[in-house]
Amino acid sequence: MKPTLKSRPELAPLLAFGAHPDDIEFGCGGVIAQETRAGREVHFVICSRGEAGTHGKPAQRVAEAKKSAALLGATVEFVELDGDAHLEVRAAHAIKLAGIIRCVCPGIVLAPSLVENQHPDHARLGQIVRDACRLARYGGIKELRRAQSHAIEQLFYYAVTTEAEPMNITPVLVDVSAPDVLKAWTLAMEAHVSQISARNYVELQLTRARLRGLRAGGGHAIPLFPNDPLVLDSLAQVSRGARRF
Amino acid sequence: MKPTLKSRPELAPLLAFGAHPDDIEFGCGGVIAQETRAGREVHFVICSRGEAGTHGKPAQRVAEAKKSAALLGATVEFVELDGDAHLEVRAAHAIKLAGIIRCVCPGIVLAPSLVENQHPDHARLGQIVRDACRLARYGGIKELRRAQSHAIEQLFYYAVTTEAEPMNITPVLVDVSAPDVLKAWTLAMEAHVSQISARNYVELQLTRARLRGLRAGGGHAIPLFPNDPLVLDSLAQVSRGARRF
Amino acid sequence: MKPTLKSRPELAPLLAFGAHPDDIEFGCGGVIAQETRAGREVHFVICSRGEAGTHGKPAQRVAEAKKSAALLGATVEFVELDGDAHLEVRAAHAIKLAGIIRCVCPGIVLAPSLVENQHPDHARLGQIVRDACRLARYGGIKELRRAQSHAIEQLFYYAVTTEAEPMNITPVLVDVSAPDVLKAWTLAMEAHVSQISARNYVELQLTRARLRGLRAGGGHAIPLFPNDPLVLDSLAQVSRGARRF
Amino acid sequence: MKPTLKSRPELAPLLAFGAHPDDIEFGCGGVIAQETRAGREVHFVICSRGEAGTHGKPAQRVAEAKKSAALLGATVEFVELDGDAHLEVRAAHAIKLAGIIRCVCPGIVLAPSLVENQHPDHARLGQIVRDACRLARYGGIKELRRAQSHAIEQLFYYAVTTEAEPMNITPVLVDVSAPDVLKAWTLAMEAHVSQISARNYVELQLTRARLRGLRAGGGHAIPLFPNDPLVLDSLAQVSRGARRF
Amino acid sequence: MKPTLKSRPELAPLLAFGAHPDDIEFGCGGVIAQETRAGREVHFVICSRGEAGTHGKPAQRVAEAKKSAALLGATVEFVELDGDAHLEVRAAHAIKLAGIIRCVCPGIVLAPSLVENQHPDHARLGQIVRDACRLARYGGIKELRRAQSHAIEQLFYYAVTTEAEPMNITPVLVDVSAPDVLKAWTLAMEAHVSQISARNYVELQLTRARLRGLRAGGGHAIPLFPNDPLVLDSLAQVSRGARRF
Amino acid sequence: MKPTLKSRPELAPLLAFGAHPDDIEFGCGGVIAQETRAGREVHFVICSRGEAGTHGKPAQRVAEAKKSAALLGATVEFVELDGDAHLEVRAAHAIKLAGIIRCVCPGIVLAPSLVENQHPDHARLGQIVRDACRLARYGGIKELRRAQSHAIEQLFYYAVTTEAEPMNITPVLVDVSAPDVLKAWTLAMEAHVSQISARNYVELQLTRARLRGLRAGGGHAIPLFPNDPLVLDSLAQVSRGARRF
């Protein structure tokens, strides 16, 4: 874990959690590319080695994740919870991830969405991260006593598939149309060689982003779903809307 | 109607619609104060003279509205649709308001929310404005041929009461805690002398804003409800969240 | 219209609106029987003569409605809006019904539900009544100046079919299991001879009420859907719940 | 646990569950004061000693809870489940709480709401209590064989914060405007000295209640959210509605 | 209007309504191609000549619609309601369309979705068609006396854009992957030369269909949203599900 | 477990899961009768012996379930998870049920609905089965390595009570009006002698089915709730709708 400099609070580190080695990239890799390009530190925490998937051995998948994170300009660490396809919602997991949050001190946290009709590890990790963000603030949790309390600023959910997009939260759309961003994202997805050999995941994600981008006015865009209302000082912060078509 | 200078596109004029002379102020006057203080031009369009209310004659209410708008730094015009408590959803109304939109060329438009369990004029005006924003873009509408098409950037809804807050849209919260902003808002509400004599509308609005503000971290905040997803270039634009408590 | 004695405010008159001559009876006739038996005055306002239905001439249907209301202990009047199958949501209609509300001074108002996937007159009348209840309060509406403002206590929606039950409101269930109540309701439905000859409406309603009644603990029950939260002085007022099965 | 006299069934004991020593008071203390004043026995079951909070040692928090319950006229017991910030949804917990329900034989049960975006212990306890109310009825659960089956009448959820108010249930609002009730509630909240030193919880709750009270016609009101439809014998039981504004 | 042979009731004519000359094709042209290929008669009713659009004169748009319908194997007629961008929800419109339904005697009807955040003519036409399907059944509507009552079997909504897809109805996905179907659909969209010159509507629709198709197992698919539950004789009728990814 | 012949893929075996010995029959026994009559193999997996119920010893309940399954033409097996009223959502359970899915190779799977306000075992089993259907596809799960991956076609939920019907999924209604089907279903429910002695479950289910049947055009119908959109080759597959009343 590396030290974080909070000199520009609006650029406090971004911490992204994934249940499997490729979830973050497929779900919101373009956002990561956009943020690192803008100078924000990004750290990935991956909670299994993808050992239950049909394709790819754990060692290969870990290597793919590391390569992919590097392509996006992010650092990465692996955390062992219950193992791929075995994740359960346990208080101990939330406390463990809260410890990582206290260590990284992120402004923004990304987690897989809570929609239950997807890989069960995704929705469960989303719940665990949501709770972890809260527990990171509480001063009396014994297991966390060594690290200082930390209150994050925002928790956003990403969706690994269209079906995982929550219908009860209005998304924000992050424009990832810049050619270098789109390219970095595509390369990062393609780094998961073991996965894309079997299913056209890259096409799936680019099609999703294109559909959102068409609405946003052209290009590509990735939806993120805020857990809590955004607080604005001025409407000038949100001066673009997705109103084409 | 005054000319608008679009030199700083993120500060394109804000256009707010109200069904009655006090709706904008009670629903989102603090946001108006915040935006005019930041240098944005704000224009009010009020669609009745409040003649069906229990208190206040039309002439008095118009005068109150003008005074209130001035306190907030906004310009104001009155438009006659069907009259207070008589508003219906007609295509002709939407086209008329689309004409105003083409004239003012706003970036952001504010309208009363679509929630139906409130004064019927509120929800209906919300529908009319939503449609007007769309019609303002279409090139072939005869009644509008003299003015150039205009595509707004964002449509936000405001709620005049808690019950009028839509439950299916995640709000953004605009921080209105700055003392001068809060004061300007309060004075603007109090300018509606005829109304506040009968019911404690000012307390209602400040209580609402305080409750949102407590969640946002202290102070006061006003919720706005985006009609369409926000498009962001960077997550740095939304670096605060309402996560206290 | 008859005078109302408000000596027992909890027994202020109940005013029920129906779009067609049989809607109130089919949708909530058991509730009416229960309330009149308890001493409450009930008045029906029927907004068409059912002239667009497949069966029954207007004169016959009016006669059936009068007989049915009498069986339930209610008075009845007919109001002409746009005619059966022609109803539109107009401000003038809401103002007209607001005038009736000011005349009857009800505590509780019943209206057909707002669910749109039913006979269009039903949902539209529901909207008109909802707005009428609000307009009845406002002092400045010219057309209503002769009658004094009146604020009702509660607006409940009834559903003429299962599909018309709103899914976004928690219902209250009115127990109509008392033999005389159930019998009065059944007779009142059967009084609509022209309608029940063609379709098994009575079976439909008794089946609906039985299904709710089974949940409520036996017997029959009719759901009503409050437009606004109930205000309680004590939880003793709501000491039964529908928890069987 | 004290014996309960069910001579007036509408005043069967009320049983309230809290995840932490202050949850019941902050979420619905005014309701408790209202009910005990009306002669109903109220019993609190608190499922942790608040040991994970930032402020207050467990012993202090237990003492605060006891003092607070006494101020409200309620009895209190502590039950150990998984510990503060460690609660998980386990069948064994529901069975344990079902045993308490069988012992207390309540008519009404109160539990924290099921909304997940709050302290994880709150929503989980809500789930556990909901299940416990059901399991208390089943005759074949081995662990519960010593106590007789009991079917409660109503389960209501309370919300500790605005964000914890469920959006898919229509609330009932309990009027807590009586000066002695409001005072007892305020004192009971202030008894949690360790908590209110850090955050303005009391202001938060009174602001929430004031906002609801304004809608209900003045004063203060607390929302409760029924798990199941209310069953009424007469509409006279619900003769007030929240329709102001 | 041509005669319809109901020899194979499961192939009763399909009747599709569009607010503008290109709505049916963009929203569900692939479904039309699939159905005509299977031998079903399809008839289009278009309720304006698109005269308010930015591009294309009415005469040109009518010609494009006729060519497009022919490419899909459908017949087409134009009906004048209020004109493009001027449509209002009127009972007279529903009765007029009910007359067409009685004439065509369709099994299945297609209409634009009811989602309000789209071109206002779309949602309003959806409402009018929904009501028309119901009114077509009622025997007493004077304006319709010359034609025999007709009860349709199904009403499905199509969405012209992603944003117009209703979120409260589970869609059925119609597989349009067959090369000739996909080609016919594409050509039919491209026949609207005046429209596709300005915006990439064809890409929009193919991207939408590809995204649904990926979930459905490959190829392309178009969502339709049933107004009422489907009634099945056997689960064998629905033996494929959209479960890939 | 018996071998399955997939010669007619649209008649691949149906696999139904129940938490207790009578859940499948009460929730969707008529559908089972309909499917076995049409030649489809049906297999029941029951996840407890009902030992926590008020009535009936485990041995008796197992015998009742076997008799009931036989009456419906289904085979049955019992699986031990956590025991009646003790079920928890564990990854190990989903993996165990995924193993059964791989063995039976069903096209359609039935599970209790996910609605939480019912017997907790029901909703939890629904979640476990949903996840099991997904895990059955993944190639790398160690515990499942001996059986080949299997992708089911459809997952439908059934509801054991009206309250357990999900409100966010549009149901399909299976017509069970054929006299022999209705009779087989009734006999299968009555085979649970220990249960129906205490509560009128059979009346409850037949009332539910009658109410749905009335809407579907007469007779009886049972709602099933698809987990994922249905994929159709032709609208002729869904040529009936529930539009009566």
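Chains: A, B, C, D, E and F, in written order; residue numbering restarts at 1 for each.
Methods note: contacts are C-beta pairs under 8 Å (C-beta built on N, C-alpha and C of every residue); 3 or more make two chains touch, one makes a residue touch a chain.
As the structure is a computational prediction, the values presented were derived from the model and not from experiment.
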Legend entry - Shared chain contacts [subunit C and subunit F, defined touch]: D, E
Legend entry - Same vs different contact residues, subunit A with subunit D, by half of numbers used: different
Inset, instruction - Could you grab the centroid distance between subunit A and subunit F? Build each centroid from C-alpha atoms only and quote it in angstrom. - result: 37
Inset, instruction - Would you please write down the residue numbers of subunit F that are in contact with two or more other chains? - result: 163, 215, 227-228
Inset, instruction - Check the chains against each other and report every pair that touches. - result: A-B, A-D, A-E, A-F, B-C, B-D, B-E, C-D, C-E, C-F, D-F, E-F
Inset, instruction - Provide the residue numbers of subunit A that touch subunit B in the complex, in ascending order. - result: 9-12, 14, 31, 34-35, 38, 40, 107-108, 151-156, 168-175, 215-217, 221, 223-224, 226-243
Inset, instruction - Flag every residue of subunit C that touches subunit E in the complex, lowest number first. - result: 50-55, 82, 84-89, 116-117, 119-120, 163
Inset, instruction - Give every residue of subunit F touching subunit A within the complex, in rising order. - result: 89-92, 94-95, 114, 127, 130-131, 134-135, 137-142, 149, 227-228
Legend entry - Of all residues in subunit E, those that touch subunit A in their complex: 161-163, 167, 199-200, 203-204, 207-208, 210-211, 214-215, 244-245
